[in-house]
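Some structures to go through are shown next.
In what comes next, subunit A is part of two complexes: it sits with subunit B in the first one and with subunit C in the second one.
Coming up: the complex of A and B.
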């Protein structure tokens, strides 16, 4: 069989190694071994096919795992930390964060991602937005606005979920 | 101008991709010595998507990995063989990240996570679970009792393009897909669906 070496600019790397890369150019590629997905450098941040890049609405610290919503209103689209009443504005989970207005936030809208849970969960439970500050949680059977399922049983903290941002109502 | 091809294995349909993954094409040694390895690429001509290989952490011991596109996540088969095109759910009583084929029993109803893209031959093999975009899904009419990993039309109706689907239960209230194509339905065949959405229970 003839096949060629890996086609990525930076080969296969772990997330920490990718985040520490320097000197990238727009269009460079890498295979993210932790997320099992190819990433592309867009000129300012690494992104991928399960994410969109959105500017941060205001000076708030957003870190990987935070729930992300769209700031309603007019003008350019911007994102913010999600709250429990944000079902209609929920966009996804932050993969790469920021802390200043207009920082590019990489927001996953589907896939296997790590999200910030504020309560214990059992694998397979449905998740909804919970409280302010970008948390999600299991809120009981028959949840109306499901945005994903837990993939592991664990206490509160950053846990792996199957994310789907369509509303389940 | 010099350029290089992007795909390790070129352009293949899904049957030929599965043959690489299960050892039919290049043998099991090719898999276990990690010649088939993390990040290798192929273009899936069936649904026209680029795919990358996700290596199983215990692949050297014979546990199989899988190719995936961006609409899939890799999870472990919990109890052995899982067929392609079946809906799966997280096994609450087992290990994290382990799935089983769906069931209409109380343990499985309304717990749809996604639809399998490949066969997992043994427990701890990776199964690629599609959670978005277009997938193939087994379909049966009135077969939910014995073929619980099929989906059925609401009210045991036949498969029709545009029909919504959920995984069963008394309250059909968790649609996760819409039928797009019934060409391959036949008897006990599959439909192509646009899927998006997990179920809540």
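Coming up: the complex of A and C.
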């Protein structure tokens, strides 16, 4: 057994402090006290157990809270901001963004995250990717491409949601 | 017990690939991703470099977030990369039981992908969320959800429609052959790295 708690490479830090770190090596660890989760540096970006890392499809700016979808096709997977036809291509919510082609985007696919909503919501409503860039929205009962649900009743803006399902209906 | 704290990330064993940790031939001298785990002890830690997840060793198994122990009730061996459902056969313990299904009506019982398998009646570990290699079948197209198949059984496939039971996640376009033998130069099956979302399909009202 271990005689001490796991000694994270960078200890316990706030999100801003983590994002400002330099000189990391693949496999370095840190405890993110804003998200209450351990993060591991994958050689390019900090990632964690609720996320996958996907390359950005094009030179657009993707920021935390954006809804993330996949460019459909048979080539390499790349992610992009949601567009009008992307409801069934959703991946999740951006936790760490980028602005250049192939930038590593950290995309949460589960857990409690902050997402960019473009309309008022009531607690518990189902969410889909919206028809405009990077937003998620409540699109009515029985939504076919549900990606999660709201955890608070609020107007548009960055709101807390629970990512918890995939489409398939 | 662990005496090593100086490895990458503060772990006992630093970075190891999925195949070093889980592949059937990882304990075979001469295998490309051989790792002698005879010195691994309970509560030792390692980072799986394939998906950058922290794992902890206990009682002969590697555990982590979303990794569930289940008893093999398949009637035959389960091996890494097999996708299993919750079995209706009692496990004989407090653990759930699991099996590969050939039934098209049991797809909604989807459970997880085998990480560490074994013979019928033994405890297996299953990855139920996050990115793990899994056996697949057919041509896989970007962005589509991956669905459990029953023919061939125990694999995921890319269904051209998005209707039905057994959707478990989406694939990340990493072709990942699944090692299916213990030999140094192993046989493999088609596989991909799949992001498991941790739930079956649902509609919210």
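Observations on the structure shown:
Criterion: the second predicted complex is superposed on the first by the 161 of 169 C-alpha atoms of A that agree within 3 Å, B and C clash if a C-alpha of one lies under 4 Å from a C-alpha of the other, contacts with A are read in each partner's own complex, and residues count from 1 in each chain.
Simple rule for what comes next: contacts are C-beta pairs under 8 Å (C-beta built on N, C-alpha and C of every residue); 3 or more make two chains touch, one makes a residue touch a chain.
Bear in mind that the values here come from a model prediction, so they are computed numbers and not experimental data.
Looking at the shared chain after the overlay, A:126 reaches both subunit B and subunit C. Look at A:27: by the touch rule set out above, it reaches subunit C but stays clear of subunit B.
Contact with neither subunit B nor subunit C is seen for A:118 once the two complexes are overlaid on the shared chain.
Within the superposed three-chain model, A:151 lies in touch with subunit B and out of touch with subunit C [touch as defined at top].
Of the two partner chains placed by the overlay, subunit B and subunit C both lie in contact with A:141. Once the two complexes are laid over each other on the shared chain, residue contacts for A:164 go to subunit B and to subunit C alike. Contact with both subunit B and subunit C is seen for A:38 once the two complexes are overlaid on the shared chain.
Residue contacts after overlaying the shared chain place A:7 against subunit B and subunit C alike. Subunit A residues 1, 3-4, 6-8, 38, 49, 110, 126, 141-144, 146, 149, 164, 166, 168 lie at the interface with subunit B in one structure and with subunit C in the other.
The touching residues of subunit A, counted against subunit C in their complex, run 1-4, 6-9, 25-29, 38, 40, 42, 47, 49, 52, 54, 69-77, 88-89, 91, 109-110, 125-126, 141-144, 146, 149, 164-169. The part of subunit B that touches subunit A in the complex is made up of residues 4-10, 26, 38-41, 50, 52, 54, 68-71, 73-75, 89-92, 96-97, 111, 113-114, 131-132, 174, 196-201.
On the side of subunit A, the complex with subunit B involves touching residues 1, 3-4, 6-8, 11-12, 31, 33, 36-38, 48-50, 110-112, 122-124, 126, 141-144, 146, 148-154, 160, 162, 164, 166, 168.
Taken together, the subunit C residues at the contact with subunit A in this complex read 1-2, 5, 8-12, 14-15, 41-45, 47, 49, 52-54, 64-66, 129-131, 141-143, 145, 147, 162-170, 172-173, 195, 197-205.
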